[in-house]
Amino acid sequence: MHPSPHFASDNTAGIHPEVLAAIAAANTVHAVAYGSDVWTATAIDRFHEHFGPEAEVFFVFGGTGANVLGLQLLARPHEAIICADSAHIHADECGAPERFIGCKLLAVPSRDGKLRPTDIASQLKGIGNEHHVQPRVVSVTQATEYGTVYRPDELGALAEVARRHGLRLHMDGARLANAAASLELPLRAITAEVGVDVLTFGGTKNGLLGAEAVVVFDPALARDFRYQRKQAMQLPSKMRFLGAQFAALLGDDLWRRNAENANRMARLLADLAGQVPGVTITQPVEANAVFATVPRDRMAALLERFFFYVWDEPRTEVRWMASFDTTEEDVRAFARHLQAVLA
Amino acid sequence: MHPSPHFASDNTAGIHPEVLAAIAAANTVHAVAYGSDVWTATAIDRFHEHFGPEAEVFFVFGGTGANVLGLQLLARPHEAIICADSAHIHADECGAPERFIGCKLLAVPSRDGKLRPTDIASQLKGIGNEHHVQPRVVSVTQATEYGTVYRPDELGALAEVARRHGLRLHMDGARLANAAASLELPLRAITAEVGVDVLTFGGTKNGLLGAEAVVVFDPALARDFRYQRKQAMQLPSKMRFLGAQFAALLGDDLWRRNAENANRMARLLADLAGQVPGVTITQPVEANAVFATVPRDRMAALLERFFFYVWDEPRTEVRWMASFDTTEEDVRAFARHLQAVLA
Amino acid sequence: MHPSPHFASDNTAGIHPEVLAAIAAANTVHAVAYGSDVWTATAIDRFHEHFGPEAEVFFVFGGTGANVLGLQLLARPHEAIICADSAHIHADECGAPERFIGCKLLAVPSRDGKLRPTDIASQLKGIGNEHHVQPRVVSVTQATEYGTVYRPDELGALAEVARRHGLRLHMDGARLANAAASLELPLRAITAEVGVDVLTFGGTKNGLLGAEAVVVFDPALARDFRYQRKQAMQLPSKMRFLGAQFAALLGDDLWRRNAENANRMARLLADLAGQVPGVTITQPVEANAVFATVPRDRMAALLERFFFYVWDEPRTEVRWMASFDTTEEDVRAFARHLQAVLA
Amino acid sequence: MHPSPHFASDNTAGIHPEVLAAIAAANTVHAVAYGSDVWTATAIDRFHEHFGPEAEVFFVFGGTGANVLGLQLLARPHEAIICADSAHIHADECGAPERFIGCKLLAVPSRDGKLRPTDIASQLKGIGNEHHVQPRVVSVTQATEYGTVYRPDELGALAEVARRHGLRLHMDGARLANAAASLELPLRAITAEVGVDVLTFGGTKNGLLGAEAVVVFDPALARDFRYQRKQAMQLPSKMRFLGAQFAALLGDDLWRRNAENANRMARLLADLAGQVPGVTITQPVEANAVFATVPRDRMAALLERFFFYVWDEPRTEVRWMASFDTTEEDVRAFARHLQAVLA
């Protein structure tokens, strides 16, 4: 029997049934390609309801594409992007920002995945020196790669420091829904309203087949986005099926229901796993990720039935993720497995 | 009433029902992301049946991404790619090859979209001169952007000239299925067997929701493709749904049935339209495209009920495309419209 | 005996004695690197005298670097540069613009190296279409690669068409001095005053050891040039020696004296060579280049004593260049050689 | 009176008289451009004497260009370069490697500018993971940016670790002459003989007007260098004057005489300055740099007569550099100034 990858990532889950139904419902007549269709228009309307009518919204294939396209609106090649060292753009995109934008990333160590105002300040010394890249963007991940969540005041403080030094604020919101659900806030309250300039809004990790959005809060920035998206190989021809997915996700609060379930299941898992001797939960469980250390000598046995990622090998810190479709029974089965192996 | 875009392109069609069913069938358990799943493995097996067991196969989001990733295996930044001036990589990808690879395209005028051996020879004069980009790749489109189809001997002749000068052969097969159906040949007979080094195999225009494949016939070239795909923002996380699409397309000859229907409907359209006074068919109808000139003063009226693209404005040459789901009734309705407007 | 390369190019000449003396004179005390020195300041003052006090002036190592840095001020990666097919940026820089800027060049055939307003118009059809690169820059070479010279009204007409369509005008002035000398006009009259936005001003071909300048007529464009120059690997550390060269060239009209001599010697060569049976002068001799066809069967013999470039092999069209230090005796010796070989 | 920049950097010095004489001596007849001249050939012969006859040698304008061109021979865009965080390629080239190569730099903190084998090991965890850039190059600076010098055994150990993991070794030898002089070893003993694959050999900081060399010890790597140099905007047209400079530097041991003087003067400065109360020398003085901390409240006064760089503002650590032409009297004058200000 293969080990179950259920807790390996939130992208091991499939498509939420309402989303798949929306795809099927859009599969009727011929429709103009590349986004001039009613499903895409409907989805953009939904984004406007959540993020405000000024926001420019563009759909793309994947999260790396969304991040890179968003960042290239803000940084030119001789400029630099400040981010946490765990940021997806730095650690998990195989150098896509460097290759496509040509710029440097200034990665700041962060134990919980969050940037703080002093981290920004520490990276500004080269400003005005022609030998140095010029810091121009602060990029935060919400929720972070460690499953922690920025509060609005924390984001506001980062935005304020950024603005004071002429920097723009980018948010990788691959798991923005989980953060908003965790904070019990609308999406707008942790993006547009705290000073985010450009947002990656993730759908794939929250129940879509595959679709991400770039949301640009300053329309002037977005003027040439259509060309840039095409040049970045991120323009889907049958765009209506991305529109249909997002319309389903953002209508009727599916995004929040999915995220709440994933968050709740992560908390349950942390509660149960935290009671197992030998397991130490290492990060606050604020979204749908659980980080924990486990005994090194039990790792192989643990991985026999459940596949998951070892995040920090030297510390034997592992990551477990809950998804939109994780059930209480899934969690309890995993906890029983932990208990049995570590007993 | 909106004009119908049915004949505007083969990407105005939706998803073939068998493909959508395959997506739904894959939407069961959790599966490891990024391609280590059974649906992807099955799809790759299908490719091996068609293209030979040596071929390395990679799935990506879109056609531009597939072309650029394929080309970067063959050309470095100081090298150049010879193609027809109508080639999608030159005319319709918003400079993606230049931006991502950094190389120059040498576009040769071609009335029917085909390259000929003398076109290659005409671009070789800078070889060995450090001030000039160095030609390294010949890129052909099969079927061409003009709906014409290279015969195997034509491709073989190009491959032979290329090899003699140290160049590699790339094929943009966004409509390879249409070409193979037209020639009544297996896919392999117009790719691996005639000397193609790297192939883009298109699925989206032939009934998929969205998936393209890069097929590399020389495995040594593909060694680092996985990293390059990720860096090029073309790695789908829920890869299983691309695998499921391709498994459906390449199993049970769906690819050929779809392509044959599109080709047949294009020929029917050419036959019927060609009888309408004022319409002149301008290209051989060998795949699923029909090119024709129409009277300039009737253009607006023609576009009222059917939306399609004017390909060459000065000549009022237009393009009509048939799709996998075009019916004889669709074609006859369009022909009646032509007749009525041009009468 | 090696063949003399005297007429092969204007960069086979060495350093004008006044320029070498200026370098030696600057070789005294220690000076701050990278341009904060008095020699650089003096040279910039000289540029301001010629081009107006608003012009931003930057020195770089070479002509390709100057062109690419100038162009990247005007075009982003998804935009395109319209130029003649003989333009140095297209034909002789080994793809440097594509690699560094990531953009496409739209090369228009031109028999005499000049662009005309209709050439610009012919390249504008893709504007607003997301699949196409967006034309943003017109680049002209003055004097052209064919030794022809744009008159001010010709440049003004190009600038006017460009402006009407939202394009900017770049000039590759590797031989601007030759053009100004030919027209008996100040440098400003064929650059700033006719609507050039960014200029490459060449020094190396006109008697310098090696130095080129980028002159930016709209200061807002130049704001980040210092960083871009460094990132483009074009920032000389011992900048004072570039400043000293330019100060010498632009002071006391050395630039004009050098260019006038080269132009005069080219005209003399054309006069003498044109009288040799078998030689046909193929371009107007307006600067320091002479283009001519010669009998194919005498080519090898011609090249035995003088090395020069065959420009167009099928037509056996060759290029002969005169330099700042070419003497009447050099020209007469070359003409006698032509006469002897072709007799 | 302006403060003297004498100790600010070794590029505030001018041209060594023997080098300037060599330039003048090469300024005779017309010579073929781009490197097919006798001066360039002679210089390459000199390199072969020092580095072995197999080495491929190319001259370029500047140090950043040399580093980037050397690195692009070794790393493709999805690969990564491991270096110390003080490395010029990371800290002082305004992101040129990222922009031109498209790759990521993995910068390791190092207090003395040296990499150690464990630093390499710490950066290898992402190997084989498609989401991560793939480490491919180790880049060391000799002498380091902190004026420390790698011994042959230290370099050999790095080369050995690199080789074991399939990585190549690049050396930024902007001050290689200073390192070789310090170790009293031939140039080859700390490059080719310890496993360096590609070397930047610096000339500008050691008495040239401006010229750097890329030395490639594996000829297969260098096959397309000529095109890459041109595309990187680093091909000088009047190459003979770079050749003449290098021929002068590497003939008759001028490189060693210059470096020895600079090193000796740095040691003298460290000795004298180290005796001044309030000054602490912070790095071993092994080449021509002196690092020291000075009292914060005397900094402004110190900078009044001598301009130099504050290297680490929080620690008030400064850098003083000696040059090929620094005299004992220069050093003593500077030391007297220190004494006077800090008294």
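Labels A, B, C and D are assigned to the chains in the order they are written; within every chain, residues are numbered from 1.
In the analysis below, a residue touches a chain if its C-beta (ideal position, glycine included) is under 8 Å from a C-beta of that chain, and two chains touch if they have at least 3 such contacts.
From a predicted model like this one, the values you see are computed outputs, not experimental measurements.
**Student:** Looking at C-alpha means, what's the farthest chain from chain C?
**Tutor:** A
**Student:** Could you tell me which pair, C-D or A-D, is linked by more C-beta pairs in contact?
**Tutor:** C-D
**Student:** So how far apart, in whole Å, are chain B and chain D when each is placed at the average of its C-alpha atoms?
**Tutor:** Computed from C-alpha means, the inter-chain centre distance equals 50 Å.
**Student:** Averaging over Cα atoms per chain, report the distance between chain C and chain D in Å.
**Tutor:** 33
**Student:** Roughly how far is chain A from chain D, going centre to centre by Cα mean, in whole Å?
**Tutor:** 42
**Student:** If you look at chain D, which of its residues touch at least two other chains?
**Tutor:** 77-78, 93-95, 99, 102, 130-131, 133, 227, 230-231, 235
**Student:** Which stretch or stretches of chain B touch chain A in the complex?
**Tutor:** Interface residues on chain B, with respect to chain A: 4-6, 8-9, 11-15, 20, 23-24, 26-33, 61-65, 68, 93-96, 99-100, 204-205, 209-210, 227, 230-238, 240-241, 307, 323.
**Student:** Can you check the complex and tell me which residues of chain A touch chain C?
**Tutor:** 34, 76-78, 102, 130-131, 133-134, 224, 226-231, 235
**Student:** Considering only the defined contacts, which chain C positions touch chain B in the complex?
**Tutor:** By the definition above, chain C touches chain B via 77-78, 80, 91-95, 98-99, 102-105, 125, 130-133, 313.
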